[in-house]
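Two complexes come next, and they have one chain in common, chain A, joined by chain B in the first and chain C in the second.
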Partner chain A sequence: MKRYIRNVVVCAGLLGVVASAAMIHGSQIARAAEEKNAAASITIDNFSFTPKEVTVAVGTTITWVNHDDVPHTVVSPDKKFRSKALDTDDQFSFTFTDAGTYNYFCSVHPIMTGKIIVK
Partner chain B sequence: MIEGAAKGFLGTSAGFGADLNLTIQLIMGVALIGGTFLARAKRYAAHGVCMTTVLVLNLAPIAVVMLPSFGQLVLPRLASHLHKRYYAVAAVHGVLGSAAELLGLYVLMVAGTNMLPEAWRFKRWKPWMRLEFALWMAVLLSGIGTYIVWYTPLWRR
Partner chain C sequence: MGNIIEENLNPDGIDRRGFLKCMAWAGTGALCVMQGGVLKSFAFGPGGKIDKAAMKGDFAFAQISDSHIGFNKAANPDVTATLREAIAKLNGLPQSPEFVLHTGDLTQLSKAEEFDTLDQSLKSVRTGGIFYVPGEHDVLDDNGVQYRERYGKETKGDGWYSFDHKGVHFVGLVNVMNLKAGGLGSLGNDQLEWLEDDVRHLKHSTPIVIFAHIPLWTIYPEWGWGTDDSQQALSYLKKFGSVSVLNGHIHQVMQKVEGNVTFHTAMSTAFPQPAPGQAASPGPMKVPDEKLRSVLGVTDINFIRGKHTLAVVDSPLAGG
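Let's look at the complex of A and B:
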């Protein structure tokens, strides 16, 4: 009987360890997936990008939404990304897969500038 | 191109190309007004040189700045967005500008060359030239309007 109880306790312990490991692994996978699917939004309103500067994790997808009543563009000076002319409520998305600092501007109104910092 | 990274110099949100184009158009407008005074002073040779220079030089900003900009930013959505101020003012400017440039080239061909057959040549100069001048001034005003709508957010609110 004593032996039986000891075996039960050992099995329960092993099950607990396995379950804990699975839970930790699962949460890591979920966090990784979350980071992979992270998203941020930048609005274009009254001839400016808001927020003007954004810091995000690698893998984040940024979406620009134009709320102005004139078209704007989102253009990287080093040609890493470039939207077509975005009319009112049009969107443009880009996923940042590499760390670094990305400046951008509106090619129709070059006074409009912004910066994405990817860490 | 009207698009680009270079900022303008007129203090609006326009780029360098748009500001340079507006400045050139205003100088050309002043030159045309000066040209009409030359005609009134009966200095017809100088009048012809002045008007022809403006007409021909204007082909460059049309080809380099205005047509590409119109093609990229206006034309793709013109049919469905004509009710919007941004597209409407550019469309009006485009139609008036095309008419003014083509009429100007026609007047130039009649007045300065023998390329056109007799049947296509007008005899009364003043109405045609006055029409061309009035059209050009309308184009200039609509161009200024286009610049304001496209590049000056403070004036829109």
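Let's look at the complex of A and C:
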């Protein structure tokens, strides 16, 4: 099932590239294609998400890794994504397929907040 | 007894300065006695002596907190061993606690086997019963379903409840659920309405003891050490002559007296945390192995009827 979903996401990404090709010139098409499988990581250290705010391209997969001795979570208050409790060295990944601004926080320690901007 | 840190001598139970605090940092014990509205606070370090006869009351209960069963990192690789030592401390108290409050973070990761280990250990506490409130570590991933199945069958909502013991009204509150992004601990409207109703019928002279995991006073918001709607809860308690609030979460002893309310936080049985702002984060603090048992401990509380007296003693596992 997971593989099926990933294929759908890839297809959607390709469709997006094809659709864009009609409107934008070559160099941007190349950039979009490169970033389709882009990845970024955010670390959790000392009760903080680092970097606290990141800007990524549509299609980027972000992975959070918890380095604290304390469990944390990665939760979108808008229910876009939600990790289970991440113990030390556990990680959580989510692929951002839509442009937008995504605020999130640790539901265990809500003082911990972060933001993903997808363009 | 030369190390009195603060003293308030107003005889009416109201602190005219509106604010008085005494703090005892990790490594010492603290004794706070309120008698006839006179609050005396003492800090005593290794070798310090306290007059136990002056504190003997009508009944005693105890508080333990933050056992974090399942934690195994550098700050304490064997939290089950230190919990057992805390239990031995409780069982060795001069006045046996009629019951024990555990103010949450029973486990590290809300795992069934962690709860099982805790339950197994606590069976050896010699007391009439143990009352619980959850910490944020006890409600991970399941909104507290397992916690309530084990400890909260008779409770309301997310696990709040009250009971009476020898004329004192005890209220267990839950402030670790449904937390809002950027916020602190939270009680929520349902629980606040219940609390208002729960205390409405009580006489003003009824002593009240509130217990919850996260402090119900703002200690250090930068680390989330406070509860967003605690003022609302406390507003329902203004009419009472004596209100005591017992919390855990911050793994160190801290106390504040404000008007009719005494706030007190307990040591952990598992690992210490830094004083507010004294480290990069509030996470587990590694101390030298030989110091660990001086910063873990238990709290026992003696209630002395007729004098509005609540004597709170924090005892480290060792070195106190």
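Please note the rule applied: the second predicted complex is superposed on the first by the 86 of 119 C-alpha atoms of A that agree within 3 Å, B and C clash if a C-alpha of one lies under 4 Å from a C-alpha of the other, contacts with A are read in each partner's own complex, and residues count from 1 in each chain.
As a working rule, a residue touches a chain if its C-beta (ideal position, glycine included) is under 8 Å from a C-beta of that chain, and two chains touch if they have at least 3 such contacts.
Remember, predicted model here, so these are calculated numbers, not experimental data.
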### Task
Put chain B and chain C onto chain A via the superposition and say whether they clash or fit.
clash
### Query
A:A38 contacts which: chain B (first), chain C (second), both, neither?
neither
### Message
Per the contact definition in the header, classify A:P71: touching chain B only (first), chain C only (second), both, or neither.
### Response
both
### Message
I'd like to know which partner A:F47 touches here: chain B for first, chain C for second, both or neither.
### Response
both
### Query
Now for A:V58: first (chain B), second (chain C), both, or neither, which partner does it touch?
neither
### Clashing chain C stretch [against chain B; choices 26-34, 170-178 or 188-196]
170-178
## Note on the structure
The shared contact residues of chain A with chain B and chain C are 46-47, 68-71, 73, 77, 85, 87-88, 105, 107-111
### Query
What residues of chain B sit close enough to touch chain A in their complex?
2-8, 12-16, 72-73, 76-77, 81, 84-86, 149-151, 153, 156-157
### Message
Quick check on the complex: what are the chain C residues that touch chain A?
### Response
71, 73-75, 108-110, 136-137, 140-141, 179-184, 221-224, 280-284
## Note on the structure
chain C partner, complex, touching residues on chain A are 46-48, 68-71, 73, 77, 84-85, 87-88, 103-105, 107-111, 113
### Message
Show me the residue ranges of chain A that touch chain B in the complex, using the header's touch definition.
### Response
46-47, 68-71, 73, 75, 77, 85, 87-88, 105, 107-112
